[in-house]
Amino acid sequence: MKQFLESEIISTYEEAKIVILPIPYEITTTYRKGCEYGPDAVLTASDQLECYDEELGMETCFHAPIFTHDYIADTRINKNLTADDMLKVTTETVTKLIKDNKFVIAVGGEHAITTGVVQAYQQTLDEPFTVIQIDAHGDMRHEFEGSIHNHACVMRRILELDLPTLPVGIRAICQEEADLIKEKNIPVMWARNIYFNPHWMAEAISNIKTKKVFITIDLDGIDPSLMPGVGTPEPGGMDWYQLLAFMNLIFSSFDVIGCDVMELAPTKDSVVSEFTAAKLIYKLIGYWQQNNSKVRSIE
Amino acid sequence: MKQFLESEIISTYEEAKIVILPIPYEITTTYRKGCEYGPDAVLTASDQLECYDEELGMETCFHAPIFTHDYIADTRINKNLTADDMLKVTTETVTKLIKDNKFVIAVGGEHAITTGVVQAYQQTLDEPFTVIQIDAHGDMRHEFEGSIHNHACVMRRILELDLPTLPVGIRAICQEEADLIKEKNIPVMWARNIYFNPHWMAEAISNIKTKKVFITIDLDGIDPSLMPGVGTPEPGGMDWYQLLAFMNLIFSSFDVIGCDVMELAPTKDSVVSEFTAAKLIYKLIGYWQQNNSKVRSIE
Amino acid sequence: MKQFLESEIISTYEEAKIVILPIPYEITTTYRKGCEYGPDAVLTASDQLECYDEELGMETCFHAPIFTHDYIADTRINKNLTADDMLKVTTETVTKLIKDNKFVIAVGGEHAITTGVVQAYQQTLDEPFTVIQIDAHGDMRHEFEGSIHNHACVMRRILELDLPTLPVGIRAICQEEADLIKEKNIPVMWARNIYFNPHWMAEAISNIKTKKVFITIDLDGIDPSLMPGVGTPEPGGMDWYQLLAFMNLIFSSFDVIGCDVMELAPTKDSVVSEFTAAKLIYKLIGYWQQNNSKVRSIE
Amino acid sequence: MKQFLESEIISTYEEAKIVILPIPYEITTTYRKGCEYGPDAVLTASDQLECYDEELGMETCFHAPIFTHDYIADTRINKNLTADDMLKVTTETVTKLIKDNKFVIAVGGEHAITTGVVQAYQQTLDEPFTVIQIDAHGDMRHEFEGSIHNHACVMRRILELDLPTLPVGIRAICQEEADLIKEKNIPVMWARNIYFNPHWMAEAISNIKTKKVFITIDLDGIDPSLMPGVGTPEPGGMDWYQLLAFMNLIFSSFDVIGCDVMELAPTKDSVVSEFTAAKLIYKLIGYWQQNNSKVRSIE
Amino acid sequence: MKQFLESEIISTYEEAKIVILPIPYEITTTYRKGCEYGPDAVLTASDQLECYDEELGMETCFHAPIFTHDYIADTRINKNLTADDMLKVTTETVTKLIKDNKFVIAVGGEHAITTGVVQAYQQTLDEPFTVIQIDAHGDMRHEFEGSIHNHACVMRRILELDLPTLPVGIRAICQEEADLIKEKNIPVMWARNIYFNPHWMAEAISNIKTKKVFITIDLDGIDPSLMPGVGTPEPGGMDWYQLLAFMNLIFSSFDVIGCDVMELAPTKDSVVSEFTAAKLIYKLIGYWQQNNSKVRSIE
Amino acid sequence: MKQFLESEIISTYEEAKIVILPIPYEITTTYRKGCEYGPDAVLTASDQLECYDEELGMETCFHAPIFTHDYIADTRINKNLTADDMLKVTTETVTKLIKDNKFVIAVGGEHAITTGVVQAYQQTLDEPFTVIQIDAHGDMRHEFEGSIHNHACVMRRILELDLPTLPVGIRAICQEEADLIKEKNIPVMWARNIYFNPHWMAEAISNIKTKKVFITIDLDGIDPSLMPGVGTPEPGGMDWYQLLAFMNLIFSSFDVIGCDVMELAPTKDSVVSEFTAAKLIYKLIGYWQQNNSKVRSIE
């Protein structure tokens, strides 16, 4: 099976601090299909990464050993898989990884998967946490096209878990979502504001009221000029350094309990989308490691 | 037939304030062909739009009902169509729509179409108007490759109508066009200036001397990183928010009499170009509606 | 054979000041192949260029006549070509062109070719020069995948020639390269710094200590949103105007002895990468001509 | 009597295109007094100006000869002068100057003077014009401290003349003014917006609906770090280049019929305020001349 | 006795939500003396404030009634007052005001006073709070010129109370302070960083780990071009909108328990320093009120 | 006699690397007099400096011991001193200091002094050097008010020595100077360009063609909001961090052979000008030391 960063170094499950969990699940996409092929493309692309991180000045993978889990909820081979099946196996798998003290990065697949990942954290931890959502879309519809587990509904499910959320990079919502945002006073960081206001990151983190955070990244939060390989691209998204700077700030200011990176649907004649996704995942590991080691040296 | 924003809502011709006029005409393109498939791709992509506009805070389509006209000047089915045929039917069709009090957004197809659209306005209105051109290219050659109705000549035809023009985003001209710009003192907003000078929009509108304006958007005015699906892409174009901010300013400062959006030539494995074109059209409708309702509340 | 800027004007070798040297050589690429088709795509795309340069206000090609050399080291037709063969013919060809007083722009092909080009200048000139490298990658490994002439090693070969280098736009290096940079105090202009620090160009040129410079452009130095057609794209690269502004500054501040533009691997359904490469080459010729004529008018 | 730009060159009234009209009038100031000494300080400081303008590349005063009028409404010598006296002599004097075809720059003195200046233009011209007000304060109270001709009321008087206004740089208003702005939909360019929004100038001029404009500059519109010598300084004002860029744009986009520069109250141990005021006046003359000569060369 | 905002409106102690506490104490200043005259100058200048706040859109003083306390620790009339006397009366007075449920803004006087103010909050509240310090100087020396209550030592005293601090705008420290910052890992927001890095505010608030904060403003944190009237001016300070934006963010993100504004030493021929100080205090009241009313409307 | 940084540390002439040379000479000033009191004010203010530099992270004065020379060319006590006297003693004194291997910072006094300082370097060194001039004014008149040694002529004298110059921050010149700049192609960095173009520093240093440079700072190059204490203030000057960033770049890119800091004319009720001048001098010493130690560690 493919491994993250394969040719560089592979660690055993036991020695790993980080676990990449590929979830090639796709049922509800309607526009541009193909996100069930996302995890595979990320793993393939990861082989081209340098294991040295030029921003952090370290070979991240030697400080934070990485293990790649088997595929779960794979709709490429199991065409009859339901959303409930996917949520069940996702929650079970992530729960075990949390208990084994691994830092998990789930890689989709549809954004709907995130409900299963977040449930695992909520059931395992006894402390509240904020779900930071990088996305072009609100994903806060009650249901869409007949399903409450459509990818357009995932953050509504999270809100039902009574977890605070921070949507970042949003530039497409419906009236129902606009009403909900107003009613619940959800602190949306609009993509427009990120473009025009250099102080947006200060606003963003001033809206996080918990010590722990979970980060869910729908890759369409990134501008489609860099990330065309998604199901529902929207112009006006975040650029590479805006996203990295925000991630770095979050990791150094809060206790990040887990992440996911969703919705990659590879394009045929370009590797830019999947390589960028792979590099983003490796940067998240780097920021985690940098902060993790800092914490230790203080104690 | 496909409709703009189909699954959301379709209005009848009578109740419509806005008419989308698809003109799949292509004869003279030389580099990357395919703009006769542009209108169809825009209509398909428009089905993915949210009808709520997060910037304007309204469901635009319920305030400004939209009707989609039948295709005219369709070279996909009529291979013998001439430029003169296209201009004739375009001018006739737009003239009728103006008289029926519709706000028209023509969707091309070759930029050459704009001559026909603009003629309709000039013949119908008794007031001068400025033609604001978003484009990478000057399009001010007298003729190109044997035709005076090549897309590289459309703004020269407009100038011959004695209408003032404001070219915006330009980054490719020939010597003939450079001489004409100098001779006629045409106020070009170079793409380079848009990138480096944050005050460019002030310069731009200080050069508009009429109350009424027509906006013609050649999609290659946008940077090809976001808009690869055009016939003659040029690096260094406008980004999404620069274009939107400028459009918003124009609609709120002038009386916009009509628009067109031209030159989409879809790519095979990405929906970014056509979705961006569809969203741009919907933003134009939103800015029109916002201004239109403002005017009413003043009167 | 295809010529640069074909339909506009072609000059004879004798009258030419500029020689485009296409080198369709590809052996060592590992990720996204196809750079042996780069030179051909550049030549084809160049036919779409305006010969007028709107920034410089001149028809560059009439002041700086351009001749297109025959292909050399063509692995499309000679599958058994070795790196040594390529280096030999490249150095010989460039040496002749230098002696004939031509300004050479080599077009690749793999970045490994640059070693051959630079050797020609070093052997011909008796003055040291700095090699300015635009690239996403350090290319300073001793060897990679069994070859010291892999494209990932080209700048290590240059350093072995005892020439000072200035790497610009770098965002991917390995530990070996990080150590070398520190040990040799190589003045790297990181892509991150280019994005965040508007004073980066001042820092860059303050690190050039010679009057003469050679410029090697690996096209992956440009952001992959604009330049997806390369072998190993990396997010976070230079944008179009940053690169042009830097090139303009270099040509006006130093004596540029030659250039190359490498690593174009065309994509199937977009012409953006090759057209951008062709336009970049034409801009380099324009900056050269502008500076060249200035020098003359002083003398 | 002191003359503007004395040691450089003085022209006769007949040959002058520009007339500086000093109005050392002060009755209603309450905080920091001394603006009746403003005109004298400006004239003294003007002697230190270079007559060459480095931005415009000309010796302005030789193209636009300047004549300095006698003081009028001088409260330094006539302690019993009333507001009505001042308005009467101001309107009469300015009217004569307009009829003699002079471009007038009145120099105060209290901002209340502007009413008299503007009345002269309204009575003489048969076309409407917009009054562009550079100021920290709204100056739109109906009356203040018992007088309707207090400097805090001057723009209310202008509004009563049914002239459109454009207040720029405002950062202090009372509730009455806030209500009036809302009721009359006055397009205020807040100082805060000028600081944060690089597109503010586009917004500003999109709100000017007449061809002709009059510019009244209360020097407290400039930030008090540069302009401490005013009666009621307010932090957060315009900087030097913001003001110049806006003035340049106004002169090149509209027909400026006249200007005034008000409220200088010199400080004891610094010449910065008065020299800056003198240089600003000279820049206004330069922008006028540049535009004036342009118009001529077109006709 | 003088009152804050005198001519506008004065409220009784009972109805007041806000209490201005003037502390004209000065013993240890060494460079530019006069801060014992600061509180008086602020009260005088406050009379020139508009009671309407144009940013917040309200007449702040009617929503947050303001009472001005008698002077305490007045070294202008009691030349023998010691630092201990000052600290005692300050702590006692502030403690009573906290218990009476007033929001206190102490106005100095020397920065040394802050120790007394902060002690009152620590003794009254049973929750930790962060002390946000706006200042040019570290003020973290153990002692200076023979006193541990010198203004150069005030933040060292705060640190000894085991309260976390956030120094903002710092641009002058000694070796002892540099060592302490390193040892205690104090998150200093250097003035240089504020100038160059638009993301500084995000960094700043990511370093606040408590819900409650106290804000102490040494006016020399502001750039001396705007605030020359301080004892030890330092070039390179914060500008007006940077400070206001930061204050607004702090009040909307944290529970601000109290403030002080220190070190005004009026200049003779300019009112800019004291007026700016008065306006800053009124803005703090506005931000408090805005946040205070928001909290209530949620509950 | 007063010493630079007196209370911190004083070194002997022998151990000193740096010599501060105060030259309280003033004859030709015409507008705001008092620069003969500049050196004294700088020395007094220097006593308030921290000896730790927070940017460089060192106590500069312990690494670069500073000696303060006796006053020379003191017009406060010698009213009959001529320009020739001043130039003679200045050149002699500086020559001796150069020969004793001291890094000299001359402190004026009139800008005319710089001729004497620069002559000493030219006569002592056998290599050409560029004179970098920070100034609001061109200072390139042949003569002014009857003297060729007026401060308005100093850079004309430098040009006559056949030394290349780089004027920076210029915003006031006369026609004669404009003609000279054009004729001699002097690379002026206009203040306007510094404000609008973030790439100005790259342009600046691309115009320095020698390895060695001398820096002459007329303090009116700094904006008068921060530096009101000069003889001829001009709005629109450099801010503190622009100047420091440029100085840092120059010291790290070139071999700085000496500096002077001229034209301080203290104000009565503010210490901002002289303290800023003193801090600037200390920063120059810091940049020198940082670079000096770097060089050594390389060798």
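Letters A, B, C, D, E and F mark the chains as written, and numbering starts fresh at 1 in each.
The criterion applied here is as follows: contacts are C-beta pairs under 8 Å (C-beta built on N, C-alpha and C of every residue); 3 or more make two chains touch, one makes a residue touch a chain.
These numbers come from a predicted model, not from an experiment.
Visitor: Listed by label, which chains are in contact with chain C and with chain D?
Guide: Touching chain C as well as chain D, we find B, F.
Visitor: Could you classify the chain A-chain B contact as same or different, where same means more than half of all interface residue numbers appear on both copies?
Guide: Here the answer is different, because the shared fraction of interface numbers falls below one half.
Visitor: Superposing the C-alpha atoms of chain D on chain E takes a rotation of how many degrees, nearest 5?
Guide: Best-fit rotation on C-alpha atoms: 120 degrees.
Visitor: Is the C-beta contact count larger for B-D or for D-F?
Guide: D-F
Visitor: Whole-Å distance, chain A centre to chain E centre, using C-alpha means?
Guide: Chain A and chain E have C-alpha centres separated by 42 Å.
Visitor: Indicate the whole-number Å distance between the mean C-alpha point of chain C and the mean C-alpha point of chain E.
Guide: Roughly 57 Å separates the two chain centres.
Visitor: In whole angstrom, how far does the Cα centroid of chain A sit from the Cα centroid of chain C?
Guide: 38
Visitor: Hunt down the residues of chain B that sit against at least two other chains at once, touch-wise.
Guide: As it turns out, chain B has residues touching two or more other chains at 223, 225-226, 268-269.
Visitor: Got a list of which chains touch which?
Guide: A-B, A-C, A-E, B-C, B-D, C-F, D-E, D-F, E-F
Visitor: Residue numbers of chain C touching chain A in their complex, please.
Guide: It comes out as residues 31-32, 170-175, 177-178, 190, 192, 195-196, 223-226, 228, 232-236, 267-269.
Visitor: Okay, in this complex, where on chain B does chain D touch?
Guide: 198-199, 201-207, 245, 249, 252-253, 298
Visitor: Can you list the residues on chain B that touch chain A in the complex?
Guide: Touching chain A from chain B are residues 48, 50-52, 54-55, 57, 59, 223, 225-226, 240-241, 244, 268-272, 275-276, 279.
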